[in-house]
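Below: a set of structures, written as structure tokens.
Look for chain A in each of the two complexes below; its partner is chain B in the first and chain C in the second.
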Partner chain A sequence: MAVMRVNPTRMELTRLKKRLQVAVRGHKLLKDKRDEMVRRFVELVRQNKRLREQVEEKLTQALKDFLMTRAVMSSEVLEEAIMFPSRRVEITPSTGNIMGVVVPVIEYREETDEDVSPYPYSFSTTSAELDGAILTLSGILPLMIELAGMEKTCQMLADEIEKTRRRVNALEYIVIPQLEETIRYITMKLDEDERGNRTRLMKVKDMLEEKDAALKQA
Partner chain B sequence: MSMYKMGVIGDRDSILGFKVLGLSVFPVTQPEEAARLIHRLARENYAVLFLTENIAKDIQETIDRYSAVPFPVITLIPNNAGSLGLGLKGVRTSVEKALGVDILFGERG
Partner chain C sequence: MPQPSYTYGVARVRVLETKLLGRDRIERMADAPSAEDVLKILAETSYAPLVAEIGSPHDYEEILIREMKRVRDFIGEISPDSDIMSLFFLKYDFHNLKVLLKNMYLSNENDDLALSEMGAIPIEVLKAGLEDEGHKAMPWFMADAVRQIEDMFVIKIDPQKIDTVLDRAMYDYIFSVCRKTRNPFATQYFRKQVDLINLRSLLRAKRLGENFDFLKDLLIPYGDLDISYFADAIEQAYENIISTLEYTPYGKLAAEGIQDFLRNGNLTAFEKMMDDYLMEYVRSVKHNPFGIEAIVGYLLGKENEIKLIRIIMVGKLNNMPAEKIRERLRDVYV
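Let's look at the complex of A and B:
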């Protein structure tokens, strides 16, 4: 690991030691965050997969039913029949927070009284297949909305986990080793200077004593 | 009427049924048309957009543009020809991104 280009001074050493402290602390925190996010993610994504498989299966079937409806009814009659929906769904989107990630939360409410028929048409001109198709579709819709929210949450969580993991790795394998290496380098350099200084002082002292001795003899 | 709406985008035959449930239905045939539509609906406070896979497969970059913000939520659904597996692939991509390995789909071979 490369040593940073710094002046080997005491001030720099103090500064680097502080930075190392911060980096180690940050690394620990980020690692904890990552672990917790992964735990939550695994939980969520399992549900997500199950839900998606369920929705896809049911929806494919419902859409096939609807296709049958289209086959037995003329387009005009069908479009006219469903032109004015009697039901209205209302969603209230808000945001939640999972480990600092802002995720969508969708609340779903059907805005229709129970006694209003879900079928906005008279039965005389339409086929029975249409009734069935609409009934299944309305049963799937809440699942679809749940899936929408959950899938987005998983996706955003995955992005955040990836980012956090990069940060953790950068700290663990680059920043912290680099700081430690540089601190060692400065410490050694300072020690070396100290030794050099001491040797010089001893040498000077020897020389002075020699001079003194020579003067006394004279 | 609530301020936030749900929409369905896809081929006409597949999505018409959602109209009965009170969702806004937007039949499209061309991917570019769908991409423009998504941008427009995103500005118009649509919170949830369901998009059929056969359209979605050609406009992935448009969908990705909204992946970093909570809303609109764009969710892939199969059309009446069946699922292309794109939705599940999205789930798998998330897993691989987050964990590095695929733990959900590998375990069943």
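Let's look at the complex of A and C:
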């Protein structure tokens, strides 16, 4: 592991030690965040899968119904029957928060007017197969909207998990070892200097003592 | 050029009847492995020139539209009494009116409207009629209905009302013409049609769990079955409906159709039987050489044929299993 290019001074050592402390604490926090996010993510993904399967199954059914309708009615009549929707749907997008990730929350509200018929066509020119198709489709819409919100949430959460994982790894495998290494290097360097100093002092002391002894003999 | 007598028209129609697709052709088409093969079979028939002109099987609708237009022009040419004949094309005019009205209330500038080219009244006339204040450009029976819708929509916009009011207006007009011309065949035919449509509406409303309030706007008067019958029937169990219809002309159809509905939960078979019933009625009277029966028969036979081809083509293009196609195939006219 590469050692940082720093001056091996006591000042630097204290600074690095502080940074190491912060890094270790950050690492622990991020790891906890990651674990919790993964837990939530797995939960959401399971829900998402269930919902998606449900929507896909119903959608296939509805489209099949429409196909049958299309077969027994001419395209103009079919188009005329459904060109004017009799129901209104209001969708209010807002945001929620999962572990600091801003996720979309879509609120769905159907405006039903009691006096207006839910079928925008008359029964005399349309085939009975259309009723079934319309009924299935109107049942799917809320599910589809829920699915859209959930799928986006999963995507965003997955992105965030990826980012957090990178950060955790960077801290764990790069920043912390690097700091530790540098700290050790500075400590050793300082110790080495210390030892060098001491030997020099001892040597000087020896030399001085030798000098003194020579003077006394003389 | 309109002809002075029916005999001429009937004679010409008799010749063309032989060119309608027979049961065996339809069967072969239903059994064909792909849409291309259906077209190949179609190319052996009177549709050959039209089939040759289209590029891919997906353009099959083009064939059907052009064939129907040809039939309309042909019938206009050979029928002496255009008043009665035009009743059978009225549904296309009312369809166009519905589209234009809906488009107006949606207030979009969509040019790609699902208009039918089969109508007797040019679309420009309908458009102009809708735009002017008193709706004078369009026929009076349409103008009345449009005014009625406008009055209703001042209070509340309900798209279904466009359809129901116009349907009512259409049958009002049809039956007024029938009364005036005293044509027993047309009167009978439309009566039966109205009855069958009402019966189907009854079953559809029942299936959706609706009550008579919902149904009553969808019913069309003038049928042999009175509106009060439906008010009663919607509260009844399906078995009772079958038994109350037992001694009407629709006894057999109701019994089989409703039973199938109870078994499968869909009205596919009932709708097929409706069409078959009307076709059967027309077939039973088509031998009158001095009336419109044969000409109407040819027209309905052709409409039916177009429907059959559409069912088969849509089915084949979407890989629908053969039995699903088959259960929707109506009887042929000849």
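The rule is simple: the second predicted complex is superposed on the first by the 216 of 218 C-alpha atoms of A that agree within 3 Å, B and C clash if a C-alpha of one lies under 4 Å from a C-alpha of the other, contacts with A are read in each partner's own complex, and residues count from 1 in each chain.
To be clear about the criterion, a residue touches a chain if its C-beta (ideal position, glycine included) is under 8 Å from a C-beta of that chain, and two chains touch if they have at least 3 such contacts.
Here the structure is a predicted model, which means the values were calculated and not measured.
A.B. asks: Based on the superposition on chain A, does the combination of chain B and chain C result in a clash or a fit?
C.D. replies: fit
A.B. asks: Once the shared chain is lined up, is A:L157 touching chain B (first), chain C (second), both, or neither of them?
C.D. replies: Touch status of A:L157: first partner only.
A.B. asks: Who does A:E76 touch here: chain B (first), chain C (second), both, or neither?
C.D. replies: Only chain C; A:E76 stays clear of chain B.
A.B. asks: Pick one for A:S127: touches chain B only (first), chain C only (second), both, or neither.
C.D. replies: A:S127: touches chain C, not chain B.
A.B. asks: Check the contacts made with chain A and report whether chain B or chain C touches more of its residues.
C.D. replies: Counting residues of chain A touched by each partner, the higher count goes to B.
A.B. asks: Could you say whether A:L67 touches chain B, chain C, both of them, or neither, answering first, second, both or neither?
C.D. replies: In the superposition, A:L67 contacts both chain B and chain C.
A.B. asks: May I ask you to decide whether A:I106 touches chain B, chain C, both, or neither, giving the answer as first, second, both or neither?
C.D. replies: In the superposition, A:I106 contacts chain B only.
A.B. asks: Could you say whether A:E90 touches chain B, chain C, both of them, or neither, answering first, second, both or neither?
C.D. replies: first
A.B. asks: Look across chain B and chain C in the superposition and give the shortest C-alpha distance you find, in Å.
C.D. replies: It comes out at 7 Å between the closest C-alpha atoms.
A.B. asks: Residue overlap on chain A between the chain B contact set and the chain C contact set?
C.D. replies: Shared contact residues on chain A (touching chain B in one complex, chain C in the other): 67, 70, 78-79, 85, 119-120.
A.B. asks: Hey, which residues of chain A end up touching chain B in the complex?
C.D. replies: Interface residues on the chain A side: 37-38, 41-42, 45-46, 48-49, 52-53, 55-56, 59-60, 62-64, 66-67, 70, 78-79, 82, 85, 87-93, 95, 102-104, 106, 111, 118-120, 133-134, 137-138, 141, 144-145, 147-149, 151-152, 154-159, 161-162.
A.B. asks: With touch defined as at the start, can you tell me which chain C residues reach chain A in the complex?
C.D. replies: By the definition above, chain C touches chain A via 61, 64, 91, 95, 98-99, 102-103, 105-106, 114-116, 156-160, 162-164, 166-167, 197, 200-201, 203-205, 207-208, 214, 217-218, 220, 266-268, 270-271, 307, 310-311, 314-315, 318, 320, 324-325, 328.
A.B. asks: Show which residues of chain B lie in contact with chain A when the two form their complex.
C.D. replies: 1-2, 4-6, 13-14, 16-23, 47-48, 50, 67-68, 70-71, 73, 75, 77-80, 82-83, 87-88, 90-91, 93-95, 97-99, 103-105
A.B. asks: Tell me, which parts of chain A touch chain C in their complex?
C.D. replies: That would be residues 67-68, 70-72, 74-81, 83-86, 113, 115-117, 119-125, 127-129, 131-132, 135 of chain A.
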